[in-house]
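Alright, structures below, take your time with them.
In the two complexes that follow, chain A is the common piece, with chain B as its partner first and chain C second.
== the complex of A and B ==
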């Protein structure tokens, strides 16, 4: 469990995040509330990816597909068919679970690149579908998604939504840790590096991969639905290839298998481009340079385990060693 | 060391044949391993010993023949299902799971003994916590017995060669197997380590485990085995008590050879 042990830095960062969210709930401007909510929802998807890729080693690019099911499920059911938004989200989660079960049966039998390619095809297919279909209103998307209500209380209130989003993020993080520190997480980590040996030890490898995929699909669906509920709009661009790549950036910048990594990674990818606003067309360039810098200096991510010298040796090309004064 | 495994575990391998391309790796090989006994399987390089282990543990499907254990045919089962029936194996090359500590490597070997569901894990139910605590304590105790107590928190892949071998044994034994397949467990160990390994294997057999021991170190196998099977070019050329096999002319000619008499004295 060494890898999942919360170090001082991670604990402090978690506390800082909590303090920022609570502070924002009282004093935050609209922009701060907006950014923190978006960060929470993307962090949730990245946590799901961390569970799937970080713990179980399954390189899935399909998380945007599950986000789309959450987003479009909510929009179509609640706007077009006037279903209660909460019920719409529940239906979307069920659809995602069924899809996870189906693709799990097929794709999880594939290994390495084949799994990645299969899930990538699913992500691209999802984008093409929502971009073309009439039920999703094609490239126009669906706006005016009805708000989530509890009685007469509406989550249109940005502070209430901030709390809702962070509650989802916190719950996902809790699930990640509770599973990660148990025999289930251990089985995932074992099969992520040695499938053959794991099988010899009696681990039902396909079943454990499927469990990971299903849990991750629920997280991504919920986050996808809340995102659309928050912005009241769903369109294909939310689920395009750039988003798939963004999620991977968030995970790797934060650090694979780290606890706060997904939150910090999501904040990095969402906020850094905003700080480069004055640079206009060089905005993206600055972002990618910073990204490259993180990956070169901390190949295991900002919160990845540096003690994993093994990982570093494999990740870091030899010439970069000179930048570090020849240190390991 | 461990609770005694159930004693109805007899491993019966009957007439298994496996060819890779045109090469016959194993041809109509049969052997039986009784609970509480050590069955030695020896033979020169390429005799088909590892293929036999691969077939028993479900990694390789035989063309012909059957493997039965406790009245069940293992023919159609995969490695994980066979492991859950109570079969543990070690590999010729130690197989630590990198990224997991030494302790976790042993605990992951106890996977089949964790019964808590995903729901119980998420709710941290008392039964789940009890189970996790008990299994961790067992893993620590076994590691202490294997003189790996100081390395519990080290990344298993960073352990030196000799310790890796013992970790491999510790992980297999903590599975509380009814059948234990050992693929060259003594390879590369020094004399002291080999003696320690011998004691571990004896203790495990005394608990009622059926042990199939494959090794190149003939005196080591002869010291431990109740029964020995000799293979050459994929076929069984002799089997019986170590004494019988030692005196068998075919074995001496095909495998031990006149020049190696002294070394092979049990």
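== the complex of A and C ==
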């Protein structure tokens, strides 16, 4: 466990998050429970993105496609075909793995902007498909998704679901951390910048990229399925282009390659617009201004490693100097 | 220091590395005309030539990171032409790439472990012992062990790249312009280490653009110009010869 230790700030943040979740489980209002659950599920998807983009350097926009497989897989199988929801989720995960295997070899051969465009096309295609298909009930979506059960115990209980969601998030974080500090993570980081050099160091580049895509697809599918199980509804709007952008915001606000970054980024993007609810139509404007401020002041995200980034000095006008002190 | 036996694993009649009619094409451009040469055990092969001569392409083709247009590569009599790069290193061809192959976000230790991990498992020493051996050759790496390799100077990174290549326990080490962009003192240090390694029996193919402070060892020199072999002899060319070869008017060898 030599490299598993986190930095002081990240450890403290993780403890704070854990304390908040435990506190909310006992004293939280409906709204707090709802928000914390949603944050955990989105954070899981962002962790998968962090693994794919942060560690393996593959700028993929296809995570919403895997979320859709999880969400629609659960809804269609459990509602329309009355399959046990747990089994439905397992089937969805299998479908995602097969899809990752099929598209991975082709898509991951693309690099840089081409990979982004290819995966973006997949995300847009997914949205169009679920919006038009009859099996997904088109634009109306599917509501009344049956709850997850263990014997007679139902996860309809919001506290139980909160714990389930954070268990998934915690497990994903652990997988990210364990793999990131292992030989696999080393290979990913190497190939993220120099595929040719990595190959001469004995790394089977296409295989390691595929492993990253498959692990990330499982995380996104599970989070997508739990999201639908939680809200009991699945519709195309969950997987539109805005969602793709939201996930990227969450990742970059939190900090690429940071361990707790995805949780903080997800919380930021989910909670900040709610605080601006009284501003009516200026709500989005305020949110994006704040987002811009974060990106300007901390180009590597709130928890990003600032090491080696001098861009900020050249981006901002001199009068902002006094605000920069706090930004390490 | 690795003993000489480490590099002579199988006594074979065939040359360690045989290149037969190897040519390389990028798009419609022939980067390297068909080239043939042998590299023996313990030997040193120097490939000289100006920019765009095809030297780096030759090394990349030997390491397997670019495809050949024609020809074969034989390692100790075995055809490795179709062996992918990531497996070729386990067969014993390691590359120290042009520009030193910096891998940002990886620490010096990570780099060394990657090199160690690419060695064939039968030859792999315990990780700490193998890495400690590299500290004897390049003591500066010990001080930098936990730093991001992005923070290393050019000379330090070159040493790291060589150490990374050596940890793969190669039978032949390919070095692409190890002196590029280094201060004279760093060049001397790097070539001092390379001389020691060659004296210990490691076969090397070194690509350079300019004359380097090579120790006086028997070697084969190839001079490339515009993708053609202009000079191929078991000696170092004289300054006059080099000047003529670089200007491209040398007689066909």
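Keep in mind that, in the parts below, the second predicted complex is superposed on the first by the 303 of 328 C-alpha atoms of A that agree within 3 Å, B and C clash if a C-alpha of one lies under 4 Å from a C-alpha of the other, contacts with A are read in each partner's own complex, and residues count from 1 in each chain.
Methods note: a residue touches a chain if its C-beta (ideal position, glycine included) is under 8 Å from a C-beta of that chain, and two chains touch if they have at least 3 such contacts.
In this text, all values refer to a predicted model and were calculated from it rather than measured experimentally.
Steric overlap between chain B and chain C is present once the structures are superposed on chain A. Of the two partner chains placed by the overlay, neither chain B nor chain C lies in contact with A:101.
When chain B and chain C are set side by side, the one touching more residues of chain A is B. In the superposition on chain A, A:211 contacts chain B only, with no contact to chain C. Of the two partner chains, chain B and chain C are each touched by A:199. Within the superposed three-chain model, A:292 lies out of touch with both chain B and chain C [touch as defined at top]. Once the two complexes are overlaid on the shared chain, A:179 sits against chain B while remaining clear of chain C. Using the contact criterion defined above for the overlaid structures, shared-chain residue A:189 touches chain B and also reaches chain C.
Comparing which residues of chain A touch chain B with which touch chain C, the overlap comprises 183, 186-187, 189-190, 192-194, 196-205, 308. Within the complex formed with chain A, the chain B residues making contact are 57, 59, 78-80, 83-84, 88-89, 91, 95, 97-101, 104, 107-109, 111-112, 114, 116, 118, 121-122, 124, 128, 132, 135, 153, 155, 157-158, 171, 175. Contact residues of chain A toward chain C in the complex are 183, 186-187, 189-190, 192-194, 196-205, 257, 307-308. Listing the residues of chain A that touch chain B in their complex gives 1-3, 175, 178-179, 182-184, 186-187, 189-190, 192-194, 196-205, 211, 215, 308, 310. Across the complex, chain A is touched by residues 60, 63-65, 84-87, 89-90, 94-95, 97, 101-106, 110, 113-115, 117-118, 148, 150, 164, 168 of chain C.
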